[in-house]
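Take a look at the structures below.
In the two complexes below, subunit A is the common chain; its partner is subunit B in one and subunit C in the other.
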Partner chain A sequence: MSGVGSGYDLSVTTFSPEGRVFQVEYAGKATDNGVPCVGVCCKDGAILAVEKPEETKMMLPQSNRRIFTVSRHCGMAVPGKLPDGRQIVSRAHQEAEQYKRFYGETIPTKVLCDRLANFCHVFSLYWSLRPLGSAALTASFDDQGPHIYLSETNGVSYRYYGIAVGKGRQGIKTELERLKLGEMTTREALKVVCKCLMRQRDESSNKKYEIELAWISEETGREFQRVPEDLAKQTVEDAKKEIEQEDSDSDMEA
Partner chain B sequence: MIPHCQLPSHIATGPHVSPFVSSPSHAGRAEDLHVPSSGSSAPFSVAPSADHAEASAGAEPRKHTTYPYVTGNSVLAIKYKDGVLMAADMLGAYGSTKRYKSVQRILRVNDTTIVGASGEISDFQYISNLLDELMTQDFCYDDGCTMTPKEVHAYLCRVMYNRRNKMDPLWNSLVVAGVDKTSGSFVGSVGMLGTSYTDSHVATSFGNHLSRPLFREFQRDDMSLEEAVSLMQEALRVLFYRDKTSINKYVLAKVESSGVAISKPFALDTKWDLKAFVNPSKHAVGSW
Partner chain C sequence: MDKLEGADGGPHTGTTIVAVSFDGGVVLGADSRVSTGTYVSNRASNKITGLCDNVFLCRSGSAAHTEAISDYVRFYASQHACEIEGREPTVKSVASILTQMSYNNKGLMAAMIVAGYDKKKGGQVFGSPIGGTLVEMPWAIEGSGSTYIWSFFDDEYRPGMTREETEKLVLNGIAHAMARDGSSGGIVRLVTVDKDGEKRQVFQGKEIPMILGDMAEPAASPTVVW
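Coming up: the complex of A and B.
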């Protein structure tokens, strides 16, 4: 208990004198330091992309999923702590199914994401609970068109043109801001998103990584699907080549 | 409490009933109820309480669905060389009234499975919702495989049997048909009580008596699509001539390994100018 302002971070039920709830902020850091996830909304659909480091050489590729399908028209990527994220996904399943059963229509994305934000928020209200170390990056396509929502662990949920969470999110966000996403098709944006992710990688780490891609668009019949394996592979290769090309170009100029 | 205003014990004396009474000792739960504390202590008993009557006076036990209202009739399904064929008419009958004439009773479940239903239409709509939910779950697993017709059949068996155990059956006979990549064509049936079987050909309700004899004689698992369609048409025609709750408007569905195709509604050629039909009472002396 030394110094002013310390000792207020022991519980989610305690405010600091400045009106902050430290535990919730710490929980947010779990997503901020986790794998980078990007969601963008394009002209005809939306894309989710996650860059995952190879945890061990013995792990089979594509066995540590971070993008999940919630219902036919909606899927989500989970940054941060994966088990916490799965809790959110399974809640999303329930909400989507229950809404459909009750109202006979697919759940509007706004309703779903608000409910998920509420679900996350509940964990920051009781001393006996721990806030979730994850968030829900939702991509969907409903009557109102394509959507990207981010429902965070502190209980807020906003809709975005494009958003990044996890490591290197600031850099990715500024890159996304430069793009005219609203004029691109999902197919065009796929490579651009990969490039954004790759550029923000820590050059010093030689760890292998894998990019998980999923999309929903008119092309997929408004169904949430992971990008076909060969296309995803090709896109990543192309993005890698283009980045190398650009780098050598700028070297020549210098 | 006002002494000269003593009320009989079975009349409620709670504060919400009588403005005169406010003694806290009488605010107990038992006195809030319109039930005599014991039968003999009541000075005058006008009528037994409602729930007492239900227990003793032989009220009807609780009943669930005891008969269907809007019903569909026969569904037929046969295997052929490349897949399966299913047919049903489009009637939703209200008793013997041909009430709804555009009811599709064949449902595409996924790329490999279709389900046809006879019996209560609303129960079939409920089953359709169940299957839709099941397929959405299957889609969400995102594991690159979908449910096979055999699995759908087993699922529906459980649903129907579970509901009959609750004494609240779904009033349907279902036919599940489809193609499985590993084990080939599948045709199976589930009854209202959860009874089930699989065969090379299956029919429900009247079809059991009128179509299956034809199938037994003419259906082969290696018959061509054309042969299968003409056999099916013949079976439908036989049914239409003899089954009064059927209409000449059918839907034909086929499943092959390439996917599901359900036809537009169509009618069959029928021939009614047979001699026996001209004077129907001629050979039925004694009737009208």
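Coming up: the complex of A and C.
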């Protein structure tokens, strides 16, 4: 790692001779090495899923939230550094609220995500600030349909059919590309998304983990909600079983 | 209320302004008299201003205040149009910007009507009286002349009118107000907004219905000067 940006990576206000800002790239690594998060757009809605390792046995389950509601029609998952991500969520709350107050309408998702990307970008312009080590993986449903956006710490914001960030994202993305998510409902896609997420786990690791799921669809009345607890539990168990089944099948074939 | 000169005696659009929605658009109408006290400083003013391509504003109250407000709203609306790129601003969002301005500056004397057409909800009329409320209604009237035509519109307005019927209704309403209100007069301007954009019309002299009321028909065909 050290050696690549030698000398040009000491401050966020320094460019390298190739035109890179290393501090911003390093900030991106915080997301890349963080918890895996997935967002997918389906026929009738969008899903967010985060796989969190159990940090300590003494912590109450479900208390380390990574998915937050921004407004009724919109929510986001926070990869990377959670405290940095909470700043983004807080800003998103304000943007949505002020837009509603000024224009009398709910904020269009594109506007919100562009503003969040600009917000993240501002931190890369001043020597006295550091970039945020997180990103905003946003799921929403407005009058243009369901959306998944990723607003990154370097200031870009793109819309996706499906996207994964964090550890194992390349594998998850490959799996997502194979799926026909646009033809599935959110209910059908829930288990499929869990499987994608769980397949990327290091199989030898015995560490406990928890999957946090949230969705927004026609079924939820276009309101961003956590997937009900029993349904979430059932989905994760079913996904686990199916993975074990498929693994043992492929073992037998081999 | 907004009948004659304001505290500073400046030009006043003591006025009749009307906006009525129909299925597929809106019709905005206004008289054209601007008075400073008893002197008519402009007898052919345009009280209907565009805020963006699909949303228009009828102004009454202080001419200076309403012109300043409409300039600000046009500025914010055009920035908004850039931010929501690819879509036209909704009538509601432009009306909200306007009422923010009215509400946060209580010293302003501006009673306005915002009306326009967007693909989301079709033709809409928003009343924005003094103080800064925002209320969506099927039809709205403001200005000193409006006091004389409330019952006219209560009676004559029906939901589901065609474009031509609505234009006729607005023209008649303003003619009635101009017949009784000294601060309203001149020509009648109409703007019809629908999915194809705006269409402006001007009615003057004989084109404005003559409201006889209890007067007898003129004996010979007169040259009437309005």
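One rule holds for everything that comes next: the second predicted complex is superposed on the first by the 249 of 254 C-alpha atoms of A that agree within 3 Å, B and C clash if a C-alpha of one lies under 4 Å from a C-alpha of the other, contacts with A are read in each partner's own complex, and residues count from 1 in each chain.
The criterion applied here is as follows: contacts are C-beta pairs under 8 Å (C-beta built on N, C-alpha and C of every residue); 3 or more make two chains touch, one makes a residue touch a chain.
Please read all numbers here as calculations on a predicted model, not as lab measurements.
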Subunit A as common anchor, with subunit B and subunit C clashing or fitting: fit
Which of subunit B and subunit C A:57 touches, first, second, both or neither: neither
Subunit B versus subunit C as contact partner of A:108, first or second or both or neither: second
Where the C-alpha centre of subunit A sits as vertex, the angle toward subunit B and subunit C in the overlay (nearest 10 degrees): 30
Partner chain in contact with A:143 - subunit B first, subunit C second, else both or neither: second
Touching partner for A:71 - first (subunit B), second (subunit C), both, neither: first
Partner chain(s) touched by A:93 [first = subunit B, second = subunit C, both, neither]: first
First (subunit B), second (subunit C), both or neither touched by A:226: first
Lowest inter-chain C-alpha distance for subunit C and subunit B in the superposed arrangement, angstrom: 5
Interface residues of subunit A shared between complexes with subunit B and subunit C: none
Residues of subunit B that touch subunit A when the two form their complex: 129, 133, 136-137, 139-142
Subunit A contact footprint on subunit C (complex, rising order): 80, 83-84, 87, 90, 92-93, 95-97, 100, 120, 134
Residues of subunit A defined as touching subunit B within the complex: 68-72, 93, 97, 100-101, 223, 226
Subunit C contact footprint on subunit A (complex, rising order): 102-105, 108, 110-111, 114, 143
